[in-house]
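Across the two complexes that follow, chain A remains constant while its partner is chain B and subsequently chain C.
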Partner chain A sequence: MANHLLEVKGVNIFHGDAQAVWDVSFHVDEQKIVALVGANGAGKSTILNAISSIIRPSGGDILFSGNSTVRLKPEEVVAMGISQVPEGRRIFSCLTVLENLELGAYPANKRPYLKESMKRALSVFPVLESRMGQAAGTLSGGEQQMLAIARALMARPTLLMLDEPSLGLAPIFVSRVFDTIQALNKEGLTILLVEQNVFQAMEIADYAFVLQTGRLKMEGTTEELRGNPEFQHAFLGIMG
Partner chain B sequence: MLQEPLKRKTHLSIALALVFFFVIYPLLVDAEASYLVFLFYTAFMYVTLSQGWNIAAGYAGQVSLGQHAFFGIGCYVTAITWRAGTAGYLDPLAMLMSGAGAAVVAIVVGLPLLAKLRGDYFALGTLGLGEILRVAALNGGSFTEGAAGISIPSDVYQSIKPYYFIALLISVLTMLSLWFIAHSRIGLALVAIREDETAASANGIPILRYKILAFTLGAFVTGLCGSLNAYFVFHIDTTGAFNLNWVIMPILMVILGGVGTFVGPVLGVFSLIAAFELIRLLTPQLHPIFSGAFIILVTLFLPDGIMSYLTGHKNRLLHKLSPFKWLALNK
Partner chain C sequence: MTTFPSASVFFQVLINGVLLGCMYGIAAIGLSLIFGTMRIIFLAQGAVMILAAYCIYWMATLSPINPFFGFLLILPVFLGLGWIMYKGLFQKVAKAGANPSLLLAFGLMVLLEHLMSLIWSPTTRSVITSTSTSSLTLGSINISVTRLIVAVVALIATGLVFLFLKKTMLGKAVRAASEDMSAAALLGISPTYVSAVTFAIGIALAGVAGVAACITYPFDPFFGFLFSLKALIAVAFGGLGSVGGPLVGGVMLGVLESMSAYTFSAGWADAVAYAAFLLILILRPEGMLGRRSIEKV
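Take a look at the complex of A and B:
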């Protein structure tokens, strides 16, 4: 057992009466890129929201650096060092780019580093610098995705979770976003990547967990999964 | 960017000039006989009520339909403490207690409502609050004196001037507080909650705490108005104190002026009062019909408010607020 930065243990999650996630366990090791892949409705976003404490699992435990997070509030989870880039970007469209970034550093323990974090976020996404005073809603889709990632970086996370970062983006932006994720990882950031774009996700991930209708189906290094006929058949479109 | 401080200076001068005008106006005319002084007093009251609603609904996106509950609490706290002899006439302490009473109820009721209910359901929950309190006051026995209400000897009344200046002071303080909140980190967080609650939460903003804060502040200033109203009418009963007017009028004024803006509600208050007064003078019999028609016309055709025409900034904000979302269907 190496140092699991994040450990999800036997988690069950319900949406009202309907169970969305069944006894799912997985882990994310430090400084790795881990992909959580699966078709629509597999429960990927639900799991991310549970890690962010936006929804509470009804069973199981989630450990971050060995500490349980399931009883914490969302803001406490962010303060601990877990940031999420939500699906569909969800930037604050009527606020300016600058205000969006400031909001990213909201927790009290992140505020003192505001200037430093801003510098870092802008060095990752220099495009945003010229857009600081603009309403975020006026940015292009690709720029909005950059802003969403930059906003998450403002909280100086040790674990960055990205939910479908390629969704609705032009191909050129998709590869740019994936390049950025890889670059951030090289700087030491641990990444949990949720993707329907399995091909692209497998390109950059070290390890992947495969979900199917709320259950963990397979796991392995990307090499192992690529060689797995069942995985090839289901996700890579290779007929066996 | 260079023009910003200059613009801010002009705005500040306009605001100061307006306040100065309102301060000296009753001293220049025969205040007791002047209808305009009474109208201004009413307008100040509505500025406070409007901004009290605007901070929770316009800024934080939590539309309350229960402002009349807080107004009523303000009325009753003042009437009951006065009857008991613990508070005097236009007693600042009693007024603060009235505001605090409304604020406490806002916290107690707001905690479960804001934690569990979203959008339309929160609005309906708050509407229920006003009705529950009205019925409670109606059945309050000798404490609230039921349907008859609490009468207070009116022989202490000497002049409208103190009412006028207190209402002006409360509205100016409310505006100042709102300005500082709107331009602080708290204001930014409130708007973030309005724009996308889940994203705000995922960014580490304690959403429940801020929603409660906005809702409670609005309740506090609304309670202050209720208190002043109690001193003005000298008779507090359930229909007057928990009247739906205290919630409908401010909402309409804010919408007319511009939801979620700082100056809009003030413009809304003065234009609506002016419009209603004109209609009342011209056609006294038809007045209620015109008022109703006016309300419908404004929400249908002017959802962005007067401010959007002054600033050219149409944010379609009203269409994002939960009980008003249906308006977007007309576009």
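Take a look at the complex of A and C:
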């Protein structure tokens, strides 16, 4: 139990009157890559937003290093060390690349490390260095995804959550993004990865949880799931 | 229709327009900032201006303080007022969406207008300053000293807001939140805090514009709505989201009014301004200088 960095316990989430997530429990262990997979509308992004405190679950608890986060504000969650790279990148296109990165270090307890964090983010994505003065909206899709990840790294998270980082990217960028996630993990960063690209996600993840229409369906190490006929049928396109 | 008899008359009318437009510009920057984070046209902007005007009127009547000192006085007072207004009125309502906030702004406008007419009576007032009748002469062109001071204040205010938005972390956070509030929240930027800051700055700018208005024009409690409209038109000319845009938009509006007042008649100035407003909305909905908005779906 001691090394559960993140623990989601029996969480129920509503969008208005409609329940989107039903009694979901899962955990992310330190320094692992954990994938949350499932079809569109399975509730994956909803769960990430609940962890980020953008939405509040109506039941259950979310623990980060043993401390409950459900009553915290989004900025307090970021300050604690959980950063999210949202779906669709959501970079600030009218701001420069530099300004986007600086804002990643916005929380008061992250600001003193701005220079150091910037150096690190640029060492992960050297291509951004030559684009610093450019409006972020002028970057290509793949570069925008790199910027979004770099921006999240500026907050020096211990848990990085990525929501569909491969969505809408050219294949060359998809593999580059996954390589980067793997490299960051090797440096000690814990990763929670939400992906529709199950095949790619399974390549780099240590453990995966499968969601179906808001409920947890299966879980296991990637080897276990690969050998599971139900999983094969549903996600890997292998007919049983 | 009157044509310009000489170049100097043309320049005279032009300069009058520029000076007038600077006042619209300050109010428009406030309007544009508030729109950025709250996504509403803050209808009470003009009423807040007139509130500042009455504060200066009071100060000038009851004390020997020079009305120009009002610019320095109004700025911190209205920053505080804006902060309190956001925390007390808008913070909760903003969560319910833009439409309730818009209704609240409308209610606030009506309330302020009626409170002002109770407190200060509906009589038209004006503030006389030491420079009310002075003017500078450049060749054959006369420049009203009061209006020149207003223009300089407008430029300083614009410059300060620009520096705040470009150079400070909080200012960058305001720009980021104006573009995508929920993405900003994911970075640890508190939506309520940046909204309160932006609102306070918007109200402070309305206050400064109010001081500018009261030393140039006679006013009454219901005069403000006209300024809300003018600020809105200036924003439509200049485009939302940029600081320079609304100021330039204000100057364009001022020049347009001053030119049409001269060539047609004073009564036509407003009609031409409103017609141009509609024309721009139809032809370029994002404003003449604005970039196309990059709203996320």
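The working rule: the second predicted complex is superposed on the first by the 239 of 240 C-alpha atoms of A that agree within 3 Å, B and C clash if a C-alpha of one lies under 4 Å from a C-alpha of the other, contacts with A are read in each partner's own complex, and residues count from 1 in each chain.
We take it that a contact is a pair of C-beta atoms (placed from the backbone, for glycine too) under 8 Å apart; a residue touches a chain by one contact, two chains touch by 3 or more.
Please read all numbers here as calculations on a predicted model, not as lab measurements.
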| item | value |
| --- | --- |
| Partners on chain A (chain B, chain C) - clash or fit | clash |
| Partner chain in contact with A:14 - chain B first, chain C second, else both or neither | neither |
| Touching partner for A:95 - first (chain B), second (chain C), both, neither | both |
| Contacts of A:84 with chain B and chain C, given as first, second, both or neither | both |
| Which of chain B and chain C A:113 touches, first, second, both or neither | neither |
| Touched partner set for A:104, first chain B, second chain C, both or neither | both |
| Set intersection of chain A contacts, chain C complex versus chain B complex | 52, 54, 73-75, 78-79, 83-84, 86, 90-95, 99, 102-104, 106-107, 110, 151-152, 155 |
| Contact set on chain C toward chain A in their complex | 169, 172-173, 175-176, 179-180, 182-190, 241, 291, 294, 296 |
| Contact set on chain A toward chain B in their complex | 52, 54, 73-75, 77-79, 83-84, 86, 90-95, 99, 102-104, 106-107, 110, 133, 151-152, 155 |
| In the complex with chain C, residue positions of chain A that touch it | 52, 54, 73-75, 78-79, 83-84, 86, 88, 90-95, 99-100, 102-104, 106-107, 110-111, 137, 151-152, 155 |
| Contact set on chain B toward chain A in their complex | 1, 185, 188-189, 191-192, 195-196, 198-206, 315, 317 |
